[in-house]
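Okay, so subunit A shows up in both of these, paired with subunit B first and subunit C after.
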Partner chain A sequence: MPVKVVEEWLNSCSGCEISILNLGDTLLDLLPELNFVHIPVLIDHKYYGQTGESDVIEIPEADIGIVSGGVRNEEHKHVLEETRKKTKILIALGSCAAHGGIPAQANMYTNKDIFEKLFRGSPSTDPASDPNHPNVPQWLDSCLALDEVVEVDVTIPGCPPHPDWIAEALTALLEGKTSWSLPERSVCDTCPVIREKKSAAGPVRRCFENLEFNPEEGLDKMRCINEQGFLCLGPVTLAGCAGKEGVPRCIQARTPCRGCFGPIRKGARPMVDMMGAMSSVGLDPKTVVDRRAIMNRYIGGHGNLRPLPARPARK
Partner chain B sequence: MGKIVNIQPVTRIEGHAKVAIHLDDAGNVADTRLHIQTLRGFEKFVEGRPVEEMPRIVCHICGICPWSHHLASSKAGDACFGVTPPPAAVKLRRLMQMIAYVGDKLLHFYFLAAPDFVIGPDADYAVRNVIGIVNAAPNIAKQVVHYRQLTAQILENFAGRAIHPTFSIPGGVSKPMTEAERVEMLAHALELLDFSMFTIKFAKENVFAKYIDAIKTLGVIKVGHLGLVTDDGALDFYDGKLRLMQPDGSHEDFADDEYLDHIGEHVEPWSYQKFPYAKKWGDGPAMDLDNPVGVYRTNCLARINVCDKMATPLAQAELEEFRAEFGRPTHLTLLYHYARLIELVQCAEQTVELLEDPEITSSDVRKKIEPRSGRGVGCVEAPRGTLIHDYQSDDEGLITQANLIVGTTHNNAAMNLSVKQAATELIKDGTYDQAILNKVEMAIRAYDP
Partner chain C sequence: MEKEFEPKIVAFCCNWCSYLAADSAGMARNQYPSNVHIIRCMCSGMVHPNFVIDALTKGLADGVMVCGCHPGDCHYQDGNKRAESRSEAIFLMLEDFGLEQERFRLEWISASEGQKFAGVSGEMTQTLKELGPNFYKS
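Take a look at the complex of A and B:
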């Protein structure tokens, strides 16, 4: 008997859904066991009935609910609550659902400032009032992770999550388990670069030039990115971005980690921990440009990012 | 008092939309609206961010076409900092873009659009989807899944990430390509080209010929077109001048940093998405089905209309066949699907061409940046249309102002018109069913929003 599945996306980019499709052959193997009864990216099931005459949003009952994206507006909240009500196990898929994700960078600003910029402060836009119509859902005060609104049973973090973990989590649930989580390891624990526990002194370098490495050689011959003097969030970021095998994805691209899998464990304080990690190799954390935004790039939900009181304008 | 028929969510598209069809007392269409319901606020929350971080922030605008935003942003960053990336860096950016687009076009055609044509527009929704296709044509489905996954794997193996990349950065790219990587990738590229040729042949024989009546009617509107072309008028996805074509085919070309002279954005209270319009075409915009003003389209049909030619031989042959049948410009909305596959061929051919270029393995892939205040406009063609990223930075190289006009936004007015046209034609005297409402959605789906 296939398991019924509902999939929804909220304040999202659809990268998580593409990651589901990137399961590729594995998805074809799993499909006979999964009965998708609602998944807007692939299937035409409608909220208001197939001829659109109901006046309440309805999501079918299912064993598993998968939701990507954070909660930005009233309708997201409503769809999430309805999905929670109708599903036995709720999966938060991706870092927006788990931590707010990139769109929660907006939490550094008030809604008023954001709408002012978008609808009256853009050089190409004819200034106008904010859209305000029953069919454009009102924003909440901030962009929330799912567990700020409903209870979440399983979290698959990542931006996007790796298909290996989507497959592993679904397989565990299909076997009757009710929970699944990634092991609590840091990106550094899975990163093969050379570490000497000290860096070139001086302020933290911005990515104005490339890392030092020999492209003919593997990552095991490259010096640690923090030790090269650049900010890499590997020490405080949950490992797993490259799936079950393979080295961290951004490091593979010879670029620093920006924390897309979120903190290593619940309750961690990545910003504080990262300052410690930098100090331990001789880098001055105070010299990180745009520090608050960069260190909370994917985790602006849960109150991590808030509007700051107005400061004097920059020169 | 008539009634309102709601189609929500609009499905097999990327994003959140709702169609409201307003019927009058007699049950005929009085008005329709395509409401875009989400808004994330990127233009505001990137203020203060370092310019060199932008390509890895704004790629998150779209998880289906992250490479497009990644590259438009890199180009805007190049211009802000006043650097010209080394030739090999540009080639590697183009290569990644082409491979990503091959995957994207396969995804759209087979996973999102094909169910309407292969399973049928009137079929029950429970089978009118990609899973239905897996059951109906398992051999083709297997190949599609394989080749789409292959594009993602190629990108990941070389550039670390297929979704939300970090590889391109103002001044160039983060790493060069080795000869061993080039050889391995080229073998895959040739397979992708073969499958692309199979796909367009399959679609011409099994889809476009069969649905020619629907193609000639559904969602048809007569509006303008926007797309990038090279100096000699060839279709290009990465660079060139913008060409804005009027409905009659006359056109004007301009540099990307002059876009503000040509394109304005209008706001309607009933959609979070703005309505870009051509400023010089009269007192627009007006989304009047009989007399639209200022409305233009982007994405593949627009690109196929504005270009004088394709950039590669096999794609050019396909364009000639297409134009012989439909002319230039063509206004038939469902031809987006056909145009998309002509582009698929060019993307696959350009992937091979780039990998056969010896310069692509040069180790010179990044210019050093000195932060400065400046303005940079970066423009590329995303699968879903023209992207315009316009940044201003301060002395420290931090963003002070960002203006983004992205692919599907350009199509907002046109999609609204196509919905209105389709609904008006299909719903008469209050008679409609799920199949008719799906056909209204097909008018949206063609745009691949």
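Take a look at the complex of A and C:
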């Protein structure tokens, strides 16, 4: 009998769902064993009955729940809690679900500041008041990862997660396992570039400059991006963006790692670790522009980013 | 009456100088505030920035001191130099985490300077009392 699956998207862009479809042939192999009973991205299924007749949210019972996206407002929270109630195993799919993702960069500001900027502060906007229609869900205080709201059994990070890992996790669950996790390796562990252990000097170079490499030659002839003086988040980022094997995707494109898989170990603080890694290469963290946002690009949840307290100017 | 705010200070003291300084402060009956909680470690150079940042951002402490031997006196030759270069990174991280620079202090205290240890502890406690509780405590 096929396993029932509920798929839900919250504060996300649908990239993770596309990654599911991107499984390709593997998806065809898996499909006979999966029965998607609710997946609003692909199949029409309404929350309050097909004609809106019900006033209680209705998500079908299922064995596996897959949720992508973080939790930004009351609606997300409600849907997530309902999904958790109806499913036996909950998968957090993608970096937004796992760590807050790009939208969680807003955690650097208070909701008041954000609304002020959105509805009144920007020069191209006609000033308006904050939305207060009862059908518009209220924002939560910050953008949360799923495990800050409910219990999560399996986490598949990535922006988007690689189909290999989705397939592996689903297969493991179909086999009856109740947990699965990515191997704890850093991007550097899977990166083929040359490390000369010589320090770079001077301020950190920004992404507007090109790396030094010979396009004719392979990546194993290119020098480490950090050693070239750029900020590459490889040392503090979980490996796996290129699937089970293969060179990390950003490195393949000869650009620095942006850190989309999040911290290597749960609870690690990539920003603190990265500053240590930078000083061992000889880069000066002081010269990174917008340091806080760049080092927490995908991991603003879990309290990694928060508004700085207002305090009197230093003497 | 509202109770006065009592800051909690974590002091990482190296085994060879600063811990003995705290000891000698005790033996010489130099009074220092009970706000200081000493953690003995082998060298100030082993105090990873993570320890300091965790103590502050997990809301465990209001301030952190790292105390080591005077430059040149280090039992391990250059451990305290390492502590010094780490402290630069720590100050930077404090800024990123929205904490006041005064919440961290690096001090060189030799084994005979019990008086200095008591003095530094007192100063730090006073500064933190003025600053108020760590924002991450709430």
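The definition used in the following text is that the second predicted complex is superposed on the first by the 307 of 315 C-alpha atoms of A that agree within 3 Å, B and C clash if a C-alpha of one lies under 4 Å from a C-alpha of the other, contacts with A are read in each partner's own complex, and residues count from 1 in each chain.
To be clear about the criterion, a residue touches a chain if its C-beta (ideal position, glycine included) is under 8 Å from a C-beta of that chain, and two chains touch if they have at least 3 such contacts.
Fair warning: this is a prediction, and the values are worked out from it, not measured in the lab.
Look at A:200: by the touch rule set out above, it reaches neither subunit B nor subunit C. In the overlay built on the shared chain, the residue A:160 is in contact with subunit B alone; subunit C does not reach it. Taking subunit A as the reference, the larger set of touched residues comes from B, when subunit B and subunit C are compared.
Once chain A of one complex is fitted onto chain A of the other, the partner contacts of A:43 are limited to subunit B, with no touch recorded for subunit C. When the two structures are aligned on the shared chain, A:308 is found in touch with subunit C, with no touch to subunit B. In the superposition on chain A, A:285 makes contact with subunit C only, while subunit B stays out of contact range.
Judged by the touch definition given at the top, the superposed model places A:271 against subunit C, while subunit B stays out of reach.
Applying the stated contact rule after C-alpha superposition, one finds that A:252 touches subunit B and leaves subunit C untouched. In the superposition on chain A, the residues of subunit A touched by subunit B in one structure and by subunit C in the other are 314.
Partner subunit B is touched in their complex by these residues of subunit A: 9, 11-19, 21-22, 24-25, 27-28, 31, 36, 40-48, 50-53, 72-73, 75, 101-103, 105-106, 108-109, 113-114, 117-119, 122-126, 128-129, 131-133, 135-137, 139, 159-160, 206-211, 213, 215-216, 249-255, 258, 260, 289-290, 293-294, 297, 314. For subunit C in complex with subunit A, the touching residues are 48-50, 53, 85, 89, 92-93, 96, 98, 100-101, 135.
Residues of subunit A touching subunit C in their complex: 269, 271-273, 275-276, 279, 285-286, 291-292, 306-309, 311, 314. Within the complex formed with subunit A, the residues of subunit B that make contact are 5-12, 14-16, 18, 20, 33, 35-41, 43-50, 52-53, 56-57, 60-64, 66, 107, 111-112, 125-126, 128-131, 134, 141-142, 145-146, 148-149, 152, 156, 159-167, 169, 171-172, 174-178, 259-260, 263-272, 274, 276, 363, 365-366, 368-371, 390, 394, 396-398, 401, 403, 405, 432-434, 437-438, 441.
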